[in-house]
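The following blocks contain the structures, represented as structure tokens.
The two complexes that follow have chain A in common; it is paired with chain B in the first and with chain C in the second.
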Partner chain A sequence: MTALAIGRVVVRERRLPGLVWLAVPAAVFMVAFFVYPLCYGVGLTFQAAGGPLSAYRSFLSDGYQRGSIWITLGLSVPTALISVVAAVPLAYRMRGPFRGKRTLTAVLMVPLTLGSVFVADGMIDFLGPNGWFNRVLRALHVVDQPVVLIHNVAGVLLSMLISVFPLAFLLVLGYFSGIDGNLERAAAVSGAGPWQRFRLVLLPLLLPGLTVTFALTFVMAFAVFPSATLVGDPAGSTRVISIVAYDAYSRADYSSASAIAIVMGLVELAVLGIVFGIRGRLYRGSTSGGKG
Partner chain B sequence: MTARLRLTGLLTWLGTGGFLLGMLGAVATVLLSSVAQQWIGTWLPGGYTFHWYGDAWSAYQVGSLLAVTFEVALAVVVLSLVVAVPTAYVLARLDFPGKRLLWLLFLLPQVIPTMSYAVPLATFMYRLHLAETLPGVVLVNLVPSLPFAILVLVPFVEQVDPRVEQAARICGAGTVTVFGRVVVPLLVPGLLAAGVLVLVRTVGQFELTFLVAGPNTQTLVVALYNIATQAGNGASPQEVDAMAVVYMLTTLVLLLVALRFVDPTSIVARNRDRRG
Partner chain C sequence: MTRAGRFGELVLDGVTKSFGAHTALDGLDLTITGGEFVALLGPSGCGKSTALNLLAGLLAPTSGTILLDGTRIDTVPSERRDFGMVFQNYALFPHLTVADNVGFGLRVRRLRRPELQRRVADALRLVRLADQADKYPGQLSGGQQQRVAIARAVVTEPRLVLMDEPLSNLDAKLRLDMRTEIRLLHQQLGLTTVYVTHDQQEALSLADRLVVLRDGRVQQIGTPAEIYETPANTYVAAFVGYRNALPGEMRGANRVDVGGVTLAVETDVPASGRAVVMVRPDDLVVTDTGVLPVRVAVCEYQGRHFAVEGVTTGDVTVHCHSDRPLAPGSEVMAEVRRARAYPDGEVVPAAELVAAT
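Right after this comes the complex of A and B.
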């Protein structure tokens, strides 16, 4: 009995990589419901009525349709950039422990939890001509006529910022807390002022993390759909790619819908490629201070 | 130098203040509007009433919307965790050919815009006659949730000391026993974190559910979107806002539950430690 048990242990130890089968269910599921549908979608685009590439051609040759790519980039890149740039000083000030940090973090989590549909719905009333925002501006005599902030680019940008900024902030805060405080203290002892400490010590260590933050917030902003339809002008200035793809889908034009969806994915991956290309040139090293 | 710092400090707090005012203003507007008799062109509504909630509740079957939302979310959480635990274990512990490909398979759905794979996936679900059914909605929601649960769980598996498992094996435990009695109990914090995050994401998941759900299988957020697009023709703005408040309360309860179990910054920090 004992010998048998030991024999079993030995066999198992040797066959340990055999446990790889544990990952099979997840891999099979992802192939069946992610990879296969994507390939199926690519297949559909080649079965379009006008020939194999006509679905792509009709999207890319029509200026109105093609313009949606630039509209999407024009909304998502500024949203991600503003979020990251605004998150850095805020996270810098909040990197240490202080009272109420958890509460402030929780409040910032609220828009992430609410999601873009709720934020967009709230923004319609809040930013509208009779909303509080315009009432305050008029009461302070900043403007005479209500500022138009809904059903245009400004409204979508503002609601996207509300949805995306918390993600940027939480990520940057995480990166700041990963930097050893001793590095900053060493710089201070060497006579560096607060601005020099930030620019020469913290920022270089932070930059790789900031590119990741930019990439993740860009991914979130690039997928914009509910805010572009609800707060935006879905037929004109905020007609983003996901709206164009959804329109084709709801017309049951599945080959066009898939072609647009695939172009959308490729554009996003191209931007991410550029971002990570830049990231590869940055300093990547330890963020902990050692005894040198 | 101090002047420059004071300026950045001012900008920081102005930015934060603006953000918080915008967010709280939007939430307060929705809350007030949902209890207003009528609210046109004044600072505050003229009179208050709760009847919009009753109207919305019966007009949009909010009860059954909530039931569908929680059925879908619970099914997605349970299925994601059951499949994710063994997979996360393999990714954390074993080296094998094709491991990078497996990582790619789980990372891609987090990176590709949802609409990009939602459109072909929804078309595929219609082909399988699974669209507009509850299993169909659960299946499409698993596509982003399962890899997400795996990504959250891997660092937690890495924290479990392999010697504990070796000890169990030497004592004669098989794979199932090692998982059931050793690995899973040690993974409870990770399971809570992954489960709560998947729950919050599934309740808020819009695009996939929007494309695949039918009239009887839509979740709260999809119904809210559908009603909000009808605002002006059919649905009164107060009714839409009442729905929005119901949705907000649901997600806020989930957020409070989530914060009991998960520290949002810890996940990022943990991933970072692993890489460095």
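Right after this comes the complex of A and C.
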């Protein structure tokens, strides 16, 4: 009887669990629409006219082209940093339950749903030299010349913050709510003031979440294309790497375009590697104070 | 450790807390003397945790004042009250080692490092966790975590230690051991303690004084012996083990008629009128000389005795003891060894009794 029961268990474990089959459609889809195109794209990069590595060489050796990496980083890193740093105090204030929290959260989510083209359009109308913003400033004699907030780095940064910040805020708010409220209370009764409670208890428990938030907002901002084109200076100060890649495509130089896309991916991976390297050094365990 | 942080008296004067229309704590008047161990006892929702949070400064009273040696403290933020608190779920900082958890209160008080380390080591020795100092809370058992929480609460030698059901997450055996440890700790340190629990055994064995609460109102304040021997009303009686409530009629001083049987009772009730007789199961014993007829429903072996659940002729469910096994359905006679009578109209709803035990 016992032997039979054991035998049955063994047989069952040897078979593939039924759940695995549920993943097959997704796996097929991934291979067909992600893995294969990726490999194909990587293959393309080595088929340039000037030799297997010439596409990479021409991008990296040209200072103007290579500079787009720094322009992109110069936009995406500050966007992600500002979003995370600004989200923390706001989420801190909103971590507890209060009347109207759902409404406020919903309002903050709106920009996420708008899309960058919509945001850029609005910015051009509102912040342009003859937009409301500058008209009011001039009418109040705050400025004589219009403040230039579009078609430059500031414009792109602003438009990206509008789209990226809500995501950062929602994530950070989620991480805050995940921290056991009794920890803050325990710290308070132990004699820690609000700042000490934040610095010694909340922040250390929040940091791993903040690195994830940074990583996600950074990835969103790194792929910036519409903002850089519409409210930026796509030929100069906001010539981001995706614009360079797109230019190559429009010249039908698929080899270069793919190579630039690969470089873009590698730069992103490098930044994420650094971020998660830092995360690995942080405390990442439970954010609750014990049983309960 | 020295016996620091003592005070003369802590006075709660009409302390009330309402959440919207619901009054969680209704006019609590209580004076706690320095060095005392006071337990707030009651079922969930009775206001005991609210009272503790008001003392800790985690809630602000709706009305009333809390005075510590004449100084009003209910408006002082938690961090400046110089109290220690043990939470039900321990609330240990998961990212800090045991030593850093215990030293937290000293660190935020900017104590110098050698002094801090010495006091942390003392506190850890006190709770017998000196060898776990470098571990993280997640690596400890529930009992160890609770001892860390206790060490953290007493290391600053606070003026008042607050404990919020600290043993309710532990298993039965560990709970008994920890109970003794808490009592021992109080004897060693003499720290004034307010202890919240729904467990009457815990409250009776730990506290110098008990405050029994129900629906935000004080039912009785007294020493464990006072509460246990002379409960003020049927509610308190039910809470401290008087499981049987028999309706009856007063027949002169200290005499009650229960379904035709006259019982001698301890009571403050007037000599006539309706009354409720409260009897502990161990004072309601099945004997040959018994007077109260009981039809046996269930008989359980419990080691020293048999616990019997039965029904009286008046159709009241009773719990009694027997020293021999009884067959279900049999008619037996129970002797009432000790009973207390209370005025009628105070019968506690059965549901509340279940919640209380």
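By definition in this document, the second predicted complex is superposed on the first by the 271 of 292 C-alpha atoms of A that agree within 3 Å, B and C clash if a C-alpha of one lies under 4 Å from a C-alpha of the other, contacts with A are read in each partner's own complex, and residues count from 1 in each chain.
We take it that a contact is a pair of C-beta atoms (placed from the backbone, for glycine too) under 8 Å apart; a residue touches a chain by one contact, two chains touch by 3 or more.
The shown structure was predicted, so the numbers you read here are calculated from the model rather than taken from an experiment.
Because the two structures share chain A, they can be overlaid on it, and in that overlay chain B and chain C fit beside each other without clashing.
When both complexes are overlaid on chain A, the residue A:49 reaches neither chain B nor chain C. A count of residues in chain A touched by chain B and by chain C gives the higher number to B.
In the superposition on chain A, contact is made by A:201 with chain C only, not with chain B.
Taking Cα centres throughout, chain A sits at the apex of an angle toward chain B and chain C that amounts to 90 degrees, reported as a multiple of 10. Judged by the touch definition given at the top, the superposed model places A:158 against chain B, while chain C stays out of reach. By the touch criterion defined above, A:115 lies against chain B but remains apart from chain C after alignment on the C-alpha atoms of chain A. After overlaying the two complexes on the shared chain, residue contacts for A:180 are found with chain C alone; chain B is out of touch. Shared-chain residue A:140: touches no atom of chain B or chain C.
Of the two partner chains, both chain B and chain C are touched by A:193. For the pair chain B and chain C, the minimum alpha-carbon spacing after aligning on chain A is 11 Å.
Taken together, the two complexes place residues 193, 286-288 of chain A in contact with chain B and also with chain C. Residue ranges of chain A in contact with chain C, taken from their complex: 180, 182-183, 185-193, 196, 200-201, 204-205, 283, 285-292. Contacts from chain C toward chain A in the complex involve residues 56-58, 77-85, 87-95, 104-105, 107-109, 136-138, 142, 145, 149, 152, 156, 162, 169. For chain B in complex with chain A, the touching residues are 1, 4-5, 8-9, 11-12, 15-16, 19-20, 22-23, 25-27, 29-30, 33, 40-41, 43, 83-84, 86-87, 89-91, 93-96, 102, 105-106, 108-124, 127, 139-140, 142-143, 146-147, 150, 169-170, 172, 175, 200, 204, 206-207, 211, 221, 224-225, 228-229, 231, 237, 240-241, 244, 247-248, 251-252, 254-255, 258-259, 264-265, 267-269, 272-273, 276.
Residue ranges on chain A touching chain B, taken from their complex, read 5, 8-9, 12-13, 16-17, 19-20, 22-23, 25-27, 29-31, 33-38, 40-42, 44, 86, 89-90, 93, 105-107, 109-111, 113-126, 130-133, 135, 158, 161-162, 165, 170-171, 173-175, 177-178, 193-195, 209, 219, 222-223, 225-226, 229-230, 241-242, 245-246, 249, 254, 257-258, 260-262, 264-265, 268-269, 272, 286-288.
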